[in-house]
Amino acid sequence: MNVKMTVDIGGLTLKNPVMTASGTFGYGEEYSDYLDLDRLGAIIVKGLSLKPREGNLPPRIVETASGMLNAVGLQNVGVRAFIDDKLPWLRSVDSVVIANIFGETIEDYANVAEILNDAEGVAAVEVNISCPNVKRGGITFGSDPAVAEEVTRAVKSVSRLPVIVKLTPNVTDITKIARRVEAAGADALSLINTITGMSVDIEKRVPHLKNVTGGLSGPAIKPVALRMVWEVVNTVSIPVIGVGGIMNARDALEFLIVGAKAVQVGTANFLNPGVTADIIDDMERYLSEKGIDDIHDLIGTLKV
Amino acid sequence: MNVKMTVDIGGLTLKNPVMTASGTFGYGEEYSDYLDLDRLGAIIVKGLSLKPREGNLPPRIVETASGMLNAVGLQNVGVRAFIDDKLPWLRSVDSVVIANIFGETIEDYANVAEILNDAEGVAAVEVNISCPNVKRGGITFGSDPAVAEEVTRAVKSVSRLPVIVKLTPNVTDITKIARRVEAAGADALSLINTITGMSVDIEKRVPHLKNVTGGLSGPAIKPVALRMVWEVVNTVSIPVIGVGGIMNARDALEFLIVGAKAVQVGTANFLNPGVTADIIDDMERYLSEKGIDDIHDLIGTLKV
Amino acid sequence: MVLKVSASFMASLPGQFVMVRMRNGDDPFLSRPFSIYSAYSRGNDTYIEILYKVVGKGTEAFSRLREGDILNILGPLGRGFDIPSTCKKIALIAGGVGIAPLSFLAERYGEDIRGMEILCYMGAGTSESLAGLDRLEDLCSGVKISTDDGSRGHHGPVTELFKQDMDLYSDDDIQLYSCGPNPMLMSLQELLKDRPFACQVSLEERMACGIGACLGCVVKIKSGETGGGLVRVCKEGPVFDIYSVEFSEYNG
Amino acid sequence: MVLKVSASFMASLPGQFVMVRMRNGDDPFLSRPFSIYSAYSRGNDTYIEILYKVVGKGTEAFSRLREGDILNILGPLGRGFDIPSTCKKIALIAGGVGIAPLSFLAERYGEDIRGMEILCYMGAGTSESLAGLDRLEDLCSGVKISTDDGSRGHHGPVTELFKQDMDLYSDDDIQLYSCGPNPMLMSLQELLKDRPFACQVSLEERMACGIGACLGCVVKIKSGETGGGLVRVCKEGPVFDIYSVEFSEYNG
């Protein structure tokens, strides 16, 4: 199998288009017993904020039909502890490390991005704009086109790394947001983050999650993610990374055929920590069986 | 078991809170071999338009993880043929018949509603505002608060029946739409309609649906439906009907506990045409086991 | 696969189908349609058989079933084959597991009209995928075989095999029945342009409900007595007059 | 349930757990955590046992498994019980299937430290739900039983039973191990306020990954040497010092 799997995402070269999604892969090390991390196209670490965050009280997760809800509440060690304690180990991995970042204010976002400029081993930042904007009464940054644009501009103005902006699906028209984020200078887009959902314990008549609502991920959301990726690739000209419900190579290939230049695997890592290696192998096998010797000859080839 | 299951929805009295969702129950007759229709709280028929519609070319459906996508394209016999050919049979059923209606223009909606005023045996109309507005370039009526309000007002101004407005989940903030629709005079709300999704055949590299995208239904969407119902019951004071992924009494009870006054069962009818009777029985059993003798003592009792 | 079912299934007609679903869990989610391959009773119990080919996760799940497992079965559904009393010969033209409803038809014909001449043209990918052949050889006066790889019988599509024999038949005494993949049915339709023998086909479409409610399973029918347009395979079909069907490349 | 596993499982420690998932389909979706109840090898093969109670659809699916079925197993995971070399007596306090890791602990103690006195307090709903009792009677010097319905042994919670014996023990030679539902662990914590015997508990929380990546399984730990705060049960636990845990009514 000598299929060319390399893709370029906003100036970043990945050995293959398979990344791990933020929040589902810890800081990489957690998976090192189960997977050769060198095989990955990229590793996106758990969302980082300026200060460490404790996150929400448990219960934080609950299973749903073909998926799960989580309300972890963006628990993380903070960007500085990440650089000091987690990054040194990650530098030993022969893959691309992308830092997922978020903030409660626009300045937070810019500050985290700036701190990461000097972090050796971080190849790009992915900006999670799906978190609530404390200044605007908890409405998420990513659901308002103007605010999404503003966050992007703020991060771009300070970052010397490629900036990927991660879009939320909880919007009426994702292409509107995508267009504004592209206009603000984003180097690439990733989508989708989780869809807000809820689940109730009918015995106790309480929400299953302490936080009441949580983010739905897993195969349940794949059709929605794929539709939104399709809409966005038809709207912007920067690279789009597909995320949402990818469990195997077949799912990943759907996103590539629709036009995503790369994919992220999230919840599937929980069910099988070695799943990304299987996806890469099976993707390569599919391509060679079809006689496709460069993955670019597959990307965006949907016939409609 | 002498549990009181009767609920009142905008002036309409249902013997129990279990209805069948539009488009998943044909015109009722299709199910008569498998279910005693008299048991149902209400029957909502396939969406009706002014003129008969042929709908989309096949393939129209495809399975997804814990759900399905459909792009039937609102095929229906038209409101007049419904009244002449389908309604007479339905009048023999001892349940409440609700006509689901839609249009391509606001006038269409009002016209269909008006025609139904004189249709003996139709107890209410449910207005599907999730369809594309041909005049406004295909944006759905239901995703724009102003247009949603306008449609509701138009139907209310002509209809002498209770008017239920059915909301689309493909929006940033469903409470905004709900508020406007309530202000326009709707007697009740039902939610959610399907979430737009897509699926790709990786062998042929074509969409599984001829229409490219379709509506996602089934258990996959239940967490999203439940969350939106929760948001809307906390926003409006008119009754809310919960729809989306209900497969059994446990699912239905989640919606009631969250605050829905009734529920609709959709896709589940396809997997088991007798499922609604089971749901009613199991709901009654749950209530009597818990010592609840009126379903109103359950509705909206979520502890948060 | 042999399924023990309720006695009502004894009324099953050839061409009718059942919707089958695993009892536990939502994966696979939808029920799957399968033609009834046989229906009979033994003692107080009624059984139906289905003949299936593993093509995806639903049929794969079936292949993991073990004796005694319980399935949810809905049926018999749809409109079966019409059996005109006038014809003297019938020819079955089957592609792959399309043999299932045709075999059931031959079984019933054999019971009902003794002495009827039943000929069968059976096509498959390879000689290994000729499931149901033994039974057909018992039921039919003659079985001719074709395989795509030439491993048994004629090397080529089954429609070619039938074409070679077309001249042996005359319009007024033969009735054709066919079931198989759409491309096969399309070439049969083409073939019959010159010799319009009566021909009923059983069609396949993705289905959700199987009872006419979801409108998911439509196929395009030329306008005719039944109105035409987009018509439900599960309710108005799955059996249609081949001349009424507007085939299109299957897309999903 | 006995599971044939890879040889690496021979390194399993009491208190460690495995994540188990059905091989086929996405329903149930997540893996389920289960304590290792025993680990041993026979010939070239390694086996682990788990003891499970049917409470929902995952465990129900397990109960439908048949010999030879294949599961996906990840493990051994988490930090097991600490085994201090100083104590002379240990007491196991188990609620329901909480007995599983404690039984494994007794098994290993029995192997490692001959002559150690192991006492067991075992509580369950009814006498029928005393799974694993026979094995424990072999492994322990004494087993005392309580049931919620009084159908066997003491009528009441297992913590009451233990309370009756508390005075028999002295702080410096006993080590307690406990596992069971949160309300039981909470009353044990309460009970130990006056007599702070060393006590390790194995906690349960909903889990997605089992390997420390999802942050789904946290429990509140009082600040102490390990930092405290919201700490992962799957990684820093499932075994914790009972005095460090801030229990809250389990909510999901």
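To keep things simple, chains are lettered A, B, C and D as they appear, and every chain counts its residues starting from 1.
By definition in this document, contacts are C-beta pairs under 8 Å (C-beta built on N, C-alpha and C of every residue); 3 or more make two chains touch, one makes a residue touch a chain.
Here the structure is a predicted model, which is why all the values come from computation and not from measurement.
Student: Return the chains common to the contact lists of chain B and chain D.
Tutor: Under the touch definition, chain B and chain D have A, C as mutual neighbours.
Student: Per the definition at the top, count C-beta pairs in contact and tell me whether A-C or B-C has more.
Tutor: Counting C-beta pairs in contact, B-C comes out ahead.
Student: Centroid of chain A to centroid of chain C, CA atoms only: how many Å?
Tutor: From the centre of chain A to the centre of chain C is 47 Å.
Student: Starting from the mean Cα coordinates of chain A and chain D, work out the distance between those two points in Å.
Tutor: 36
Student: How big is the gap, in whole Å, between where the Cα atoms of chain A centre and where those of chain B centre?
Tutor: 34
Student: Out of chain D, which residues touch more than one other chain, so two or more?
Tutor: 26-28
Student: Quick check on chain A: which residues sit in contact with 2+ other chains?
Tutor: 64-67, 204, 206, 218-219
Student: Thinking of each chain as a vertex joined to the chains it touches, would you call that graph a line, ring, star, complete, or other?
Tutor: Complete.
Student: In the complex, go through chain A and note every residue touching chain C.
Tutor: 65-66
Student: List the residues on chain C that touch chain B in their complex, please.
Tutor: Touching chain B from chain C are residues 21, 26-31, 72, 74, 205-220, 229-230, 235, 248, 250-252.
Student: Would you tell me which residues of chain B are touching chain A in their complex?
Tutor: 64-67, 69, 143, 170-173, 195-200, 202, 204-207, 212-213, 216, 218-224, 226-227, 230, 245, 250, 253-254, 257-258, 286, 301-304
Student: Name, in rising order, each residue of chain B that touches chain C in their complex.
Tutor: Touching chain C from chain B are residues 23-26, 30-31, 33-34, 46, 54-55, 57-68, 70, 72, 75, 201, 204, 206, 208-210, 218-219, 247, 267, 269-273.
Student: Where on chain D does chain C make contact in their complex?
Tutor: Residues 24-28, 57, 61, 64, 66.
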